[in-house]
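Okay, so here's the structure we're looking at.
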Amino acid sequence: MNPDHREQIQRLNKIQGQVKGIVRMIEEKRYCIDILNQIKAIDKALQKVSRGVMERHLNHCVQGAIQAKDQAQSSEKIAEIMKLLDTQK
Amino acid sequence: MNPDHREQIQRLNKIQGQVKGIVRMIEEKRYCIDILNQIKAIDKALQKVSRGVMERHLNHCVQGAIQAKDQAQSSEKIAEIMKLLDTQK
Amino acid sequence: MNPDHREQIQRLNKIQGQVKGIVRMIEEKRYCIDILNQIKAIDKALQKVSRGVMERHLNHCVQGAIQAKDQAQSSEKIAEIMKLLDTQK
Amino acid sequence: MNPDHREQIQRLNKIQGQVKGIVRMIEEKRYCIDILNQIKAIDKALQKVSRGVMERHLNHCVQGAIQAKDQAQSSEKIAEIMKLLDTQK
């Protein structure tokens, strides 16, 4: 398997453990602010996976379409990215 | 168990399934944009858990401290929330 | 005037100058990434104003309502904050 | 002037007016939540300008570099975008 994929999967496995950790925190009635900080940590970890996928996408799929001078494909790729960014916020 | 907690735990269990789904999407080399949209869906689901915990926190812990007219406690509670919001972005 | 208000107004005046600066950058056809970084700086400055107003709100209006043991008012205040946070993202 | 630039400048002029409006709201001691909602509206308007500049950047500068098959330039363009997105959050 691609080493980049392996890294993402390791991150995602860690995130799964963190989500399970939140369940435990709620069951143990831990302090809300601690739970919220832990959720924020998961959010950041997910963000990192997302950035990795995006970088790969720009470097492969998008560059490929543009280099192939396939104008329709290139425009579609850019429209997809803009749509994703728009709904990000 | 508190019905509010039960709802949060159900959400977190669903999130765990979604994270596992991303692993599968990467293994199956699915299209990057589809993976990114799926990560965004998890992000929104986590956000909902976070809002629920925050609402509970404001309605219980924070109101409690303020009603008890414990000024030091109230100020600390508000400082905690501000710190959390500051690092949110 | 309240020193806290004075500080916010100074920040907002600076932000107005920064927005005018972006107009100039566009007119001078400056590099897109430089413009985007400058917009991000404005966004952060606005965020600071927003945090300041929120902190004041929690420390004054919200604490006031809760201390007055006005349950309807307190609940409304907390609902307002939650609504604001929900649409933030 | 480019019609796209004209549109962005109109938006920025409107944003300047909105920032001035916040100053007035603070001077008139308007309700905090109303001020916060107004700041959020400015934030969204700025976001729109930012998205417009980004879209133009992808369609012109980035496509140009990739089509020219200038690998160093293309990689730099993509790195710039990733850096911008990383600090966005």
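By written order: A, B, C and D. Residues from 1 in each chain.
Convention: a residue touches a chain if its C-beta (ideal position, glycine included) is under 8 Å from a C-beta of that chain, and two chains touch if they have at least 3 such contacts.
Keep in mind it's a predicted model, so treat the numbers as computed, not measured.
When the interfaces A-B and A-D are ranked by how many C-beta pairs touch across them, A-B comes first. Set against the C-alpha centre of subunit D, every other chain centre is closer than that of B. Once the centre of each chain is set as its mean CA position, subunit A and subunit D turn out to be 23 Å apart. Each chain gets a centre from the mean of its Cα atoms; for subunit A and subunit B, those two points are 17 Å apart.
Counting partner chains per residue, subunit C has residues 54, 81, 89 touching two or more of them.
In summary, the structure contains touching chain pairs A-B, A-D, B-C, C-D.
Taken in their complex, subunit A has these residues touching subunit B: 1, 5, 8-9, 12-13, 15-16, 19-20, 22-23, 26-27, 31-33, 35-37, 39-40, 42-43, 46-47, 49-50, 53-54, 56-57, 61, 80-81, 84, 87-88.
Remark: subunit B residues 47, 51, 54-55, 58-59, 62-63, 66-67, 69, 74-75, 78, 81-82, 85-86, 89 touch subunit C in the complex.
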